[in-house]
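Multiple structures are listed underneath, in structure tokens.
In what follows, chain A forms one complex with chain B and a second complex with chain C.
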Partner chain A sequence: MRLTLLLFENVGELTKKYANLPERYIKRSMEQVYWKTPNAIQYLPRTVQRKKFRFTTNRPWTYQFLQQNERGTHRKKVFVEPILEWSIFRGDRVQVLVGRDKGKQGIVSRVIQERNWVLVQGLNCHMRFTGKDKDFPGVAVLSEAPLLVTNQVSLVDPSDLLPTKIEWRFTEEGERVRVSERTGRIIPMPLMADETHDYKSKSAYKESPKDTVESELTKITFSPTLRTFEMDVMNEMEKKEENVTNVADVPS
Partner chain B sequence: MFVLTKLKYLATPINYLNSSITLTFSTCCNGCSREKLITCARDFQGAVRCVAASFLHTSSSRYDLMEFFDDEKNWGASEVKVGRAWKKEELRIKSNSDLHKLWYVLLKERNMLLTMEHEAKEKVALFPNPERLDKVAESMENLESVVRERNRAYFELETGETGEKEAVFDHEELGLKQFPELAGKRISKHIDEHWHYRLMTLFKGSAVAKFKKLYREKIANEERKARNRKRNHVMHLLKRFPHIDTATLEKLYPEVNIRKAMLHKKTLGNHPHNRA
Partner chain C sequence: MVLTMYLSRLVLPLKWTRAISTSVVNNGKRNFRKFLLHNKRGSRSFKEERKKLKGNEPTDVPVYHYGVRPTGYHDAKGNFIAVPEMIPELMVPDLTDFKLKPYVSYRVPDVVQSEFTAQDLFDAVYSRKIVEDFKNNKLDSNGNPTEPSEEEALTPEEAKERARRTGSDIFEKYSEDLEETN
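Up next, the complex of A and B:
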């Protein structure tokens, strides 16, 4: 039972990858605990907390997400078509199949895996008016509406720039690639797919003063010895074990 | 050059100069009463002796209470970027003494972050990048598990046992099976008086039998509800997405009979076309 609940409330892998945040933090920031039994022997460990969340374009660890899933509110369940293998990523060129921009091609700017959504740059847009007052009509902001990856967008084959279905296959080097079903050409993974909130690409990451440099990180300082961790540390500090009841336990 | 790992942890040994000690001491005890100052001085001397004895140390050149706070340039910053947590495979190649030092670096970092978080709360200010706390916690967890791994390997090689606390399946008072960690070494059941007493007195009688029956019923009910919920979910999916790949559904919900669910009233909906 718990497993199914977890399945439904799960934050998408791509969302987590883009955030570059520890899973623990995402869980912690999403958590809405209504009541928890005190940590005492007379209580069984029980927690009453929100289990069902409405995922939208707001990222799960943000304040806006918390606002949308306000304490004590309940929203109707949204059914999302299960997808085994996700195939559209940030930076992919896709063709819109429905709506006012039907037939136009654009670049995927965001993926919202929890809802099977993608946002395509500058397509399927509407105007949002912010700061509307009785004297002031508000400022118009262009905002993209999400599109379903299942039937509202299609990946574009880079060789002929036409929409195509894809298949995941392996190259001879063992690399998993997307292959266009129509032309058999490989659709390369976009560079934007590796982008996270913190860096554009792994090579472009700028070390902060608290980061360990790579030369220190990859240095192998471990050499196996027949000692436990404690024995080894004490040996290094030239300390002797004093609280030993059994003489046989004294480390050599 | 892709290294995001947190915390530079290897530092060069530093000689403790008297001048620096007095300097930091005076800054740390600014505005204290005389008695407090004396106790503080005593503590401080002790601390210095302790650190000096270890000779090699890993902290920065500040030794005062301000080590509980972040760098001054990070005060009021909206974002403090740091890398990711230490992974297990990175910790496995480090020597025991390196891990020992790293543990204290992480501990100090955690103290610092908790202090900063508390301070931000007090001042109703933003605590930038609270995920740093989770990164440190994750690193510490990984480090601890690597140390356990090494100790377990030693004990298994030397004594044939893990060297950790033993845990055995046992009945608790109401007859349910539990897997508690034992405080000490396990003794054979036949010579264990406590166990014998439990066997003779506990988890017996009609009350326990009744409880166990109800408990089993509760678990069965939960399982049944979960099964129904899953089947219901699948039927709704079939209703909303009629062209859905059934192989996908079979893979995700192996316990649901998809063919049967496809013919159910809930799947077909109320459209006359489907009803016919």
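Up next, the complex of A and C:
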């Protein structure tokens, strides 16, 4: 059990939040159990499963991830700097510091926390050709390359549109915000950060017929009575007691 | 010369000697693969025949019911007697005009409710009447109400008996119950 927790801990919080999938599902789809001890009293519950995964731009519950982490494939370990306070979110304006697009600013389209990666819209791109055939040269696709959050990308101060270092501080109301160290301007959280697969923002969610509405949810219909749950149910079903059975008389 | 021949035979190789194990029994191999009686060992008919041969006594290869509880019992001869009352009856309430749905909308803010304790239940059932009686001087010298409500009029025995009727969730130890009834 400790092993699976370790594997699952590698999946970033932002990844899980964006997916909006149940955590059990992500864990289950990721794990590759090769052998399990039989379900018998003489065995301790032990599993032989894959421990090291290579995280990529493909999400951990996808088939492409499984292909990249196929049984038997052993990739070299990628050393990822542990970041205590993650500061760059989807929708943030960011300046690229390395590569061909050095100095250009763009908006973050994807965040891959497991590798400290960030994909900026339209920047740090390269061409690749998909659907190559014998005769067909393939369709050209512009795809972004990931950039490291630590030293390849920097948040932009909205007041002067220049890159800054930021600090997490608290406002007078008690809200935790990012503050630019140079100017002291608060960098607000982008709206796209709230986005998930199901909705753009919680207030913009379109309610379906199977969703309970707020007005119904917050209604208080409980009236305290001196009855147990079973008595309540019996009352409602209008079943009167025929025999009063004493608990002591029923043989255990 | 005969003696030396015998002596040479007495020198046994090390592996044939017996030794005393001083380590704990648990240190030995525990994950033995024997005695793993899987459900697929023998068909159901085989298991039932085997059971009959043994005089309907529990065998080493019992019929596995996969956790399904029986809706009857076996008599002395081994015949199964079905009891219709044992068949579970699902009590499903009428859900017409029921507004709560299986899912909750994302637009809903977090609902925070404190725990509903026994104190809260007492306050809801008894406290109002007690306060009114006190204000209207309807309590006697001991503090008991002069016009008790149904719940207030219960004697301890009555209350206990009522609480232990079918539908109660107050379970006491069986031995304690016996002492009280005797």
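List of remarks:
Assume the second predicted complex is superposed on the first by the 211 of 252 C-alpha atoms of A that agree within 3 Å, B and C clash if a C-alpha of one lies under 4 Å from a C-alpha of the other, contacts with A are read in each partner's own complex, and residues count from 1 in each chain.
Please note the rule applied: a residue touches a chain if its C-beta (ideal position, glycine included) is under 8 Å from a C-beta of that chain, and two chains touch if they have at least 3 such contacts.
Everything numeric here is computed off the predicted structure, so don't read it as measured data.
In the superposition on chain A, contact of A:198 is made with both chain B and chain C. Once the two complexes are laid over each other on the shared chain, residue contacts for A:211 go to chain B and to chain C alike.
By the document's definition of touching, of the two partners only chain B reaches A:81; chain C does not.
Within the superposed three-chain model, A:37 lies in touch with chain C and out of touch with chain B [touch as defined at top].
In the overlay built on the shared chain, the residue A:142 is in contact with neither chain B nor chain C. Looking at the shared chain after the overlay, A:236 reaches both chain B and chain C. In the superposed pair of complexes, A:226 makes contact with chain B and with chain C alike. The residues of chain A shared by its contacts with chain B and with chain C are 198, 202-203, 205, 207-214, 216-218, 222, 226, 228-230, 233, 236-237. Within the complex formed with chain B, the chain A residues making contact are 1, 4, 20-22, 24-25, 28-29, 79, 81-84, 150, 198, 202-203, 205, 207-214, 216-223, 226-230, 232-233, 236-237.
By the touch rule above, chain B contacts chain A in their complex via residues 1-10, 54, 80-85, 90, 92-100, 109, 130-131, 133-135, 137-138, 147, 150-151, 154-155, 157-158, 163, 222-223, 225-226, 229-230, 233, 236-237, 240-241, 244, 248-249, 251-252.
On chain C, the positions that touch chain A within their shared complex are 30-32, 35-36, 91, 93, 99-109, 111, 116, 120-121, 124-125, 151, 161, 164-169, 171-172, 174, 177-178, 180-181. Note for the complex: chain A touches chain C at residues 37-38, 40, 42-44, 198-199, 202-203, 205, 207-214, 216-218, 222, 224-226, 228-231, 233-234, 236-237, 241, 243-249, 252.
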